[in-house]
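Look at the two complexes coming up: chain A is in both, with chain B in one and chain C in the other.
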Partner chain A sequence: MTDVLRTQEDPKPVEPERPGGEELPDADQALAHESGIAVKPRSQWYYVRTRFLRHRLAVASLLVLVGLALVAIFAKRVAPYDFDQLDLFNIAQPPTRTDTHWFGTDLLGRDYLSRVIFGLRTSLWVALLVAGLTTAIGTTIGSIAGYYGGTVDNLLMRFTDLVLTLPTLAVLLTASVFVGNGDPFRVGVILALLFWTGLARIVRGVFLSLREKEFVEAAKAAGAGDARIIVRHLLPNAIGPIIVAMTLILAAAILVEAALSFLGFGIQPPNPALGKLIADGQTQGLDSWWLVTFPGLVIVVIALAVNFVGDGLRDALDPTQRRIRA
Partner chain B sequence: MLTYIIRRLLYSVVVLLVASFLIFTFVTVSGDPLSFLKMSPGVSQETIANITERKHLDDPIIVRYGYWLRDAVTDQFGTTIIGERKIMPDIQRVMGHTLQLIIAAELLAITLAISIGVYSALRQYSVFDYLATTFSFLGLATPVFWLALMLQVLFVNVYLWWDIRIFYTANLSGVDPGGGIDFVLDRAQHLALPVIVLSIANIATYSRYMRGAMLEVINSDYVRTARAKGLKERRVIMRHAFRNALIPLTTVVALNFGALIGGVVVTETVFALDGMGFYFINALNSGDPYPVMAWLMIVSTGVIVFNLLADITYGILDPRVRHD
Partner chain C sequence: MPEPVLSIRDLTVEFSTEDGVVSAVTDVNYDVFPGEILGVIGESGAGKSVSVMTMLDLIPKPPGKVLSGEAIFKGRDLLTMSKRDLRDVRGGDIAMIFQDPMTSLNPVLTVGSQIAEAVLAHNRDADDDSARDRAIELLRLVGVPNPEQRFDQYPHEFSGGMRQRGMIAMAIANEPSMLIADEPTTALDVTIQAQIVEVLRTAQRETHAATILITHDLGLIAELADRVCVMYAGRVVELSDVYTIFNSPRHPYTVGLMNSLPRVDVDQEMLQPIPGQPPSMIAPPPGCAFHPRCLHSRGRVVCRTDVPPLRTFGEGADHLSACHFAEELAEAHVVGIGAEQPA
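Entry: the complex of A and B
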């Protein structure tokens, strides 16, 4: 959702650079030549990695996400039961350690830990699909609009206006009802088709600001074609904003897909999804509090972690912050 | 300024027309609103043929769109396909209910967000500031529908275990709400949870913007000047800084209208409130494109108006921005 993206902007003031605290690799290398001290050449990615690793919350969040992803990938081995395995002798059990019903069971005796794990698998898969598709569409259209300008650019901006005019969730709901079919893949595609405009605008902005620069002119003079200039010279400059936007889209996709599935118009049975599990929890009686609580907690944890990782990436990928914070 | 507004409005009408045609095509091509009727044993072929005839369901899309547009403009969006119920009176009723919810939630969100944002900015990196930041991260990561359900679970179980009823967890009114002050109290008890739920995410967003704006302002030159001329700190903050820091917030609040509607749909569904969102979900479930279209057009108009308001107020409040 574009709205979500807009609200994620953290108005943190840029930390002032301390004089003398910067490391300038070129100067370092020149110095190394003169003094004979060996200096390791450091790439941009070295700085990015180091800056990211200093961001403890982001690293912890990344670990949580990797853990959850592993659980999702190996769901069949990790989950103690199958997600639709009935056990009518153990219905509506509150969370207990016996029989590993850590998240309790529902009114049909299905183990909720297993259902949450399989739901996590679907939800993560859809979110990744949305992020991937959105990035592909948004980057392509944003690059073309930003590089060529003119009609393509105009069309893009008008379409973005159109999408911004419509209440996003309502349009998504309408689309899911009429073409979604409760299928995870279709729901993912629908989300991506409404999400890409924000990213396209970001890429367009970067391209607009760079396309008149000298290095582009130099590449042209050296005989590079449009495609080569876009892919080799301009896109690498947009990588930072694209990655950050991708993480935010990932978080938004998880939340919006959950809302759609909860309302009954997103992913539908037999496919398990976290939002749908929460809705089941509501229909199965509110005294079974664990049915609503656990799937929702998982969503909150994912969304929080993705946001923190995005925050860490934003700081790490900002090339103006060459200095590594101690 | 006037030409700017007129140009924007004309442009919006075009956008709305294009959007309405796209959505109409999309919605009518992909579903048969009569499929449920056709499956019902008690409905004769004749009835179905009659409805198809009267609602022009067999005509090409462009012709059907024409009929829809005519009804939308001259007959307040016409009637539903099944039952031929007039759409507009229903929407007016639910809009009244939703306005109560939205206004209460936004008032709560704006007041709290301003207080939190200003205080965080004045005490930057204090414990309060970190707590507020944590809260806003949490608020943005929590799905609205889940928060709604958790509160519902909490208050239902408080009622089940201790027989204490603080807030109602569903519907808009009690069975017999009474009149006068009793009615108001009953309505407040019903709306309390939805209002809290709807405002949480907005408090998270607004307070971040307020904090950012306030920080920017109190570090600006003219505030330093105000201090330098010897004004009391209180006067500097309230008269000079605070009033200017409010400007970005007006834009954010106005632009947030679309997201707010999304929250309304979810909240009203959870609490079974007879409002816009609940109406929309029911319309979607019925598979009838006409109420869905009417709803989308009305809400989109709302979003457009708020977008325009955002730009206009910004021009008025901030003399550095002028439209021509």
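Entry: the complex of A and C
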């Protein structure tokens, strides 16, 4: 009887379960230290890297982004033609291998691959500018409001509300016409001045909870001033949400800039921008499908990739995050 | 008697809450002398922490408000000091050890860098390398094994006891003349507590710092303290050296505390708790705040009408009690309340 039972039950060898999966739990490491067994000390960045590399989608997206960025940076060398070089013998060609017009040509016979590459360059540059400026403004305002609280918080947040209540599209269009001048830098600044509100709110929220932590009190008791506490103790703890918000803004900036340019209010010719390319392409109708499809695809790919990278970074940067991604 | 390092005089602190004004600390007076350990003991909410946190401006204002008093540290009043000067004092001349080492270290910075930061913050001439060396030396002093490796580890890689050692290392980094240990062992388990007590003792010996030890653990007081300050409902009710407090307490609350302790030298069936609850700090009882729970008052009117001052009562200038009938307790303690106790 007992034999039968034994064969029915799966005789699993009892394995000690490790909470950290494949990773050696930190308690073990600490014990190893205490017992004098030499263990290679691993830095926090080691863990961040490891966790990020486990996030395959994020790694793939990062590779795509790096590739696109390289193409954008070296546009002049990579692009087979200049973006405004006319080839009047090949007007409105669909994608073809001849003369490396891989993305075809537009109505003026300009190589579309080259135009997309230079458009990518402009769009990426604007997006990075917007993300950087937004993060700088939003983090500064949010962290000051969240750390000091009270009247300071009230003033800054009401100002934030004010910016939020502006009708974005109307302000964007107006500002673009009067200030933007179709210049990528100016358009980027205009976008950043409207986009920082979300980030400021996120950072403020994080700081409001962080400032109550005991380590802040401990830092104060150790003689740290406000600036030191904000920059050295609180910001690193808020880096996760900030980076995630930043990637979202990066993606949004690309889309909004494309939309603006599509409407004709953003970046103006001769600067090629992805949105402008789509706008010009859609007037040609469905016959020249490639004029809309390729820049559109590039926009979608960038936005997706940026979001995935943001996801991966969030998981990797959060020091309490011990979950291992497939 | 030498000059005190710190004199707290008539300190009164209030907190405004939704339900009313809480008198957290009322007319608190005590001195801390060089090299001694002053144990501050009392129930939760008795004002133990508030009295020291106020002095370092670590209570949130508002809702906190200092109504009166001064805290003379080395001849300067900490309560009126400029923010900048106070910042130099914090972590430099006066250092704190916090209750919960799990949350008092910044999780995203290595333990070593946080100690080194404490060194750098108060030494203009220290550079990163010397701060690192000093931090490693401190970690070794507080008994962290392999300090070189441990320096580069994060708080989550430390156990609770090790973190508390790290906190102590940080506190003594600048050889403060005063250490404030706010319930340093409360968050630790018992075996670790004993080790931390040893570390505290080492730290205190190394720095010769006058120490304020805030706790509700009578055992820790007996182990470490030279003098004891008993607080109840925001007031100091008894102040004396540790032997006197344990052997001949002269305030009914202290007597109650002693009686509520299990004793190994007396055969007891039951522990004797202090009856009742700590008073509401929004509307404390009139007169002596302890009178509703007091076994000694026996309904005497003066207990309900007059706040007893902290005073001497003919047993030497070092023993202060805030009881109208402190003299009676000399007998009451032996005969009455703690009947089983040997005389």
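Note that in this section the second predicted complex is superposed on the first by the 281 of 326 C-alpha atoms of A that agree within 3 Å, B and C clash if a C-alpha of one lies under 4 Å from a C-alpha of the other, contacts with A are read in each partner's own complex, and residues count from 1 in each chain.
Please note the rule applied: contacts are C-beta pairs under 8 Å (C-beta built on N, C-alpha and C of every residue); 3 or more make two chains touch, one makes a residue touch a chain.
Everything quoted here is computed from the prediction, not taken from an experiment.
Enquirer: Under the stated touch criterion, which partner chain does A:V171 make contact with: chain B (first), chain C (second), both, or neither?
Expert: first
Enquirer: Looking at the overlay, what does A:V179 touch: chain B (first), chain C (second), both, or neither?
Expert: The first partner, chain B, only.
Enquirer: Looking at A:R232, would you say it contacts chain B, chain C, both, or neither? Reply first, second, both or neither.
Expert: After superposing on A, A:R232 lies in contact with chain C but is clear of chain B.
Enquirer: Output check: A:I299 vs chain B and chain C. Expected answer is one of first, second, both, neither. What do you get?
Expert: A:I299 sits against chain B, while chain C stays out of touch.
Enquirer: Now for A:Q282: first (chain B), second (chain C), both, or neither, which partner does it touch?
Expert: first
Enquirer: Of the two partners chain B and chain C, indicate the one touching more residues belonging to chain A.
Expert: Between chain B and chain C, the winner on chain A residue contacts is B.
Enquirer: Could you say whether A:L162 touches chain B, chain C, both of them, or neither, answering first, second, both or neither?
Expert: First partner only, chain B.
Enquirer: A:F265 in the overlay: touching chain B, chain C, both, or neither? Say first, second, both or neither.
Expert: First partner only.
Enquirer: Considering only the defined contacts, which chain C positions touch chain A in the complex?
Expert: It is residues 56, 58, 87-92, 95-96, 98, 100, 103-110, 117-118, 121-122, 145-146, 149-150, 152-154, 156-159, 162, 167, 170-171 of chain C that touch chain A.
Enquirer: Tell me, which parts of chain A touch chain B in their complex?
Expert: Those residues of chain A that touch chain B are 1, 3-4, 6-11, 13, 161-162, 164-171, 173-175, 177-179, 251, 255, 258-259, 262-263, 265, 275, 278, 281-282, 286-287, 289, 292-293, 296, 299-300, 303-304, 307-308.
Enquirer: Which of the residues in chain A come into contact with chain C in the complex?
Expert: 26-27, 29-30, 33-34, 36, 39, 41, 43-44, 213-215, 217-225, 228, 232-233, 236-237, 239, 319-320
Enquirer: Enumerate the contact residues on chain B facing chain A in the complex.
Expert: 12, 15-16, 18-19, 23, 26-27, 30-31, 137-138, 140-146, 149-150, 152-153, 156-157, 160, 169, 204-205, 208-209, 211-213, 215-216, 219, 255-256, 258-259, 261-262, 265-266, 269-270, 280-281, 284, 287, 292, 295-296, 299-300, 303-304, 307
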